[in-house]
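Each of the next two complexes has chain A plus one more chain, namely chain B in the first and chain C in the second.
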Partner chain A sequence: MNRSELTFIERLYIFEALKGILLTSRHFFWNLFLHTTHLFGLLKNKSAAVTVQYPDEIRPYAPRLRTRHHLVPRADGSPRCVACMLCETVCPAKCIYIIAGEHPDPNVEKVAKRFDLDLGKCVYCGFCVEVCPEDAIRMDTQIMNIAAYSREEMLLDINELLRPGSRKQS
Partner chain B sequence: MYFDIIIKIILTGVVLGGALNLAGLLTWVERKQSAVMQDRIGANRASLFGLRILGLFHPLADMLKLILKEDFTPRYAHKILHALAPFVSVFFALIAFAAIPIGNDFAWRGHAIHLQVAHINVGLLYILSVMSMGVYGVVLAGFASNNNYSFLGGLRASSQMISYEITMGVSIMGIVMMDGSLNLQNIVQAQGQYWHHLPLWGIFLQPVSFFLFLTAAMAETKRTPFDLPEGESEIIGYFVEYSGMKFGMFFLTDFLETVLASALLTTLFLGGWQIPYLFHDGFHFPWGTVWIMAQPWVILLGVIAFSIKVIFFCWFLMMIRWTLPRFRYDQLMRLGWKIMLPISLINILVTGLVMVLL
Partner chain C sequence: MPILKIDGKDIEVPVGTSIIEAAKKAGIEIPHYCYHPGLSVAGNCRMCLVEVEKFPKLQISCYTPVTEGMVVHTQSERVKDAQQAVLEFLLVNHPLDCPVCDQSGECELQNYYMKYGLYDSRLMEDKVKKHKAVSIGPTVMLDGERCVLCSRCVRFCDEVTHTHEMGIVNRGDRAEIEVAPGKEVDNDYSGNVVDICPVGALTDKDFRFKCRVWFLAQTPSVCPGCSRGCNIEIHWNKERPYQTPGERVMRLKPRFNADVNKFWICDEGRYNYHWIDQGRLLKPMQKRRGVPHEVSWEEAFGTLSGLFLRPQEMGVIVSTDMTNGDLAMAQQLFVSELKVKNVAYQWIRKSGKEDELLMKADKTPNTRGAQALGFEDRSGEIYEQIEKGQIKILFLFGHNLMEILGKDQAEKMRSHLETLVILGPHAHEGINLADWALPSAVYAEKNGTFTNFEGRVQKISKAFPPMGMAKSEREILKEMARQAGIHINLTV
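Moving on, here comes the complex of A and B:
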């Protein structure tokens, strides 16, 4: 890397320090002014901080963002998943557990009777979504907060995966 | 007799309460000010009955948390010294305020009242010595924790404080030489003189000494450009092994020392409680306007002016703390011994020469 030598004035440090303080003071007073005007409802279009107050205001997520999984249902409400086990096989975190069962509709060969997904292990790689031949699992719920008080609560079963909003959002 | 004691007790309460409250408030100021400087919002979540008022409850919440936390002493630490260290730190930071005049002397019903807790004629020496006693708290903390990192932190602290104390002491000699007194009240009163209507404050008479003292005082408070003893973000310092309120006391000491440094800077260089053109009977402006005021109001204005100046310096020190990056240790030592000490000695020499020649 090419670094230029410090000039004498810069080496004195005091002027550089003053320049730094000038810069931070400019931010300080300008932001303080904006905060004050906001209190009176003025200049609302200029924001005084870049902060997003996360749980209260949520930034718009990009549609391609990988968020919590959900299983896509058929018209009759049963999961579209045919229990081909591809996602269980590809999952690098080994966090999917599927038990296949028979579907009442004779045209559908199999269906997942049990579909457990352990969010505590999932690395959000999205391989399960990519590999699925039936487009049965997607990661487009836009649910980001997956915190829980115990490991058991991190486990999603088939009901929750079919109804992404069913878990209480806290 | 009783009257004097009562006055002193009230005064002690005022100074102690003022210093402690300002230090507590500074924890909030630090968060908010740094946030506003960096285009953030800052702590605003603590609420009481749904009231948030700009996060002003955060100092209370912090204190509550620190008091309720487990007070942990490491197994092989020296129990007594480990417990003693934070008290030493806070104690010496607090009693240093005793010699700082918060207002002018006045007479009331035949009693002379000094708005200064300890009206001693070695006030400046007293403050310097008490501040250097404060180092013991830090060194003890580093030593008694029986932890290599805190020990190293303590070593860094002691060498830094001792190095900068010298500059601190030498840099104010110019002021002392000119006023011929170590009593801070006399130093403040001497700053009430005028030279062609320019108030002869220390900052105008001794600008070099002001910068030196400012730097040294910042080093004494152990805050960011000079926070090598603490280095909370990575190198960790003397209070690694402290938890709960004992840690809180070290934390408080930093803020108390910030307030103390501000008070000293105000007293020595910004005319203490002096307001330009305010004399004992009211304002006498240079363009001839005269506002006559009763004495209590003049005294009260002085105390308010002192507080405002102290708060200004607290703000300014905070500004520096959130602007400048930390020094490297060799830079710190070079700055202290090779740059600041010679400049302060030259400053004394020049001051002496000018005083002899004029």
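Moving on, here comes the complex of A and C:
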């Protein structure tokens, strides 16, 4: 790559720093001026810079955005999931762990006794949602802040997946 | 022998062969549900239709014998149309159960739909409802809706076991598989109806919801349940071990062998696998002041090879559960090299259930192999000599003295011995008597051969590594011999 040689003035650094401060200040005062005039209903056609105060303020996400997973419940609150293990099979990150059990209703037959999802491994590809024949898993919770202090906390169990956000954060 | 042409290939087969068998011989697959080579021909599923030249209509290939100069087409448009139509008909009342069905992944309806169906559903009516998840015996579950009424299970109970428990009742689309009133599918071979069911109508209770079939690995082996030596496949959970913690083997399935077991195995053999993963001895143990301590293999080999200096005080009791390779190693080491006089096999489980089909009374797999290698059933003499004090060191392979002799007698026997070494896969109560307990591998964890009651030598393959620190008997013996400076020219 060809880099142009720095001139003597540039190499002095102080003038370049001042130039930067000037640029930042210009934006700051110009936006301050615009926001102030907007308060009085003036200059509405000129837009001012916007900052979202995350996490106090959260911008609405697009509904199709793949966010944290959630298991869809039946009317009685039990999961729709029938433990067919297709999501577990298709998952490229191998982050879903299901153990199947017997459902008392012979028309349902099979139910997930355990359904764990390791967010530390998940790559948010959405294959699990696409492959599910029962529409039992969705990625529509709009929860994006999944950070945790330990690997264990990244593991979501069936209760947390059925009722997103119900788990106590340590 | 008639020569016929199937899809342009000339094939010569014996008189009376059906077209489906002739095609199989030529490597041409004809889809079928009701036809099973081990059963009589029913000809009711109509899936195996083929076009035969000079016949006005399509013919079922399972029931049409070949004739000289016959010209058969299995891939023509008429055949393909018929196959699709038959499949659509069979699937009319079939529920969308695949997510909860244990057959899914090895289901012929799924396979044939992808191969010969691929039509869009035209069904506007409601599907007929039938009984679901009905227990029809100690091992079998029935789902009436999934059944395609091929009648394989009915024919199996009529022709192979002659127990006649099953039948088809009602007519038309309400026809259903039923068990005879007051009866259960409870014979010694009931698990086979699950194998031959081409769909998910009959499923195994033992395997129910344990694992999806596509997570299973298959290893060919031989059933160690009796001296018949039925060929089996070990299906074990390779990919998802957390689903069945502590259990590797998921099920055993029969493997076709025309000379031994044909397509079948008995239930005794089929469900005889839980011991592979349960109650195992995981580490070499040495008893010090009455308390068992874990030791390393090196320690065990080092100390035990010292015992080989006293072969005249030694007794060896091998087991007919061991493979020929393990027995040969024991024979080489104790008989040929050390010249131990008191070497025998203990014949346990020798009088079980026997029938004309498969089951043999001798419930150990390798009695003939042990006899062929020169071992004799003289364990009684060895016990006598122990009581007389002539034998001070006993090498025991897998046996539980508490079970063989009873608790008091076993403890008495123990007090006469200086050193008792037990090589075995399981931590049974008799292990507590041993000074040295060395963990050995079970048949699923090693390569080798078993000799069945007819003298047929059959190969078993290693499915997975031995549990814990276990090693096969021949590895243990060879290493002990090496430490004692004895070279045995057998590979392990």
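Note that the second predicted complex is superposed on the first by the 123 of 170 C-alpha atoms of A that agree within 3 Å, B and C clash if a C-alpha of one lies under 4 Å from a C-alpha of the other, contacts with A are read in each partner's own complex, and residues count from 1 in each chain.
The rule is short, and it goes like this: a contact is a pair of C-beta atoms (placed from the backbone, for glycine too) under 8 Å apart; a residue touches a chain by one contact, two chains touch by 3 or more.
Note that this is a predicted model, so its numbers are computed, not measured.
Using the contact criterion defined above for the overlaid structures, shared-chain residue A:E109 touches chain C, although it does not reach chain B. In the overlay built on the shared chain, the residue A:H35 is in contact with chain B alone; chain C does not reach it. Judged by the touch definition given at the top, the superposed model places A:T89 against chain C, while chain B stays out of reach.
In the superposition on chain A, A:I14 contacts chain B only, with no contact to chain C.
When the shared chain is aligned, no partner comes close enough to touch A:S78: not chain B, not chain C.
Shared-chain residue A:T24: touches chain B; no touch with chain C. Once the two complexes are overlaid on the shared chain, A:Y97 sits against chain C while remaining clear of chain B. Applying the stated contact rule after C-alpha superposition, one finds that A:P133 touches chain C and leaves chain B untouched. Contacts of A:Q142 after superposition: neither chain B nor chain C is touched. Put simply, chain A uses no single residue to touch chain B in one complex and chain C in the other. Put simply, chain C touches chain A in their complex at residues 96-100, 104, 132-133, 208-210, 212, 214-215, 240, 242-243. Taken in their complex, chain A has these residues touching chain C: 82-86, 88-89, 97-102, 106-110, 133-134.
Chain contact summary for the complex, chain B toward chain A: residues 33, 35-41, 211, 319-320, 322-324.
Against chain B, the residues of chain A that register as touching in their complex are 14, 17, 20-21, 23-25, 27-28, 31-32, 35, 48-51, 53.
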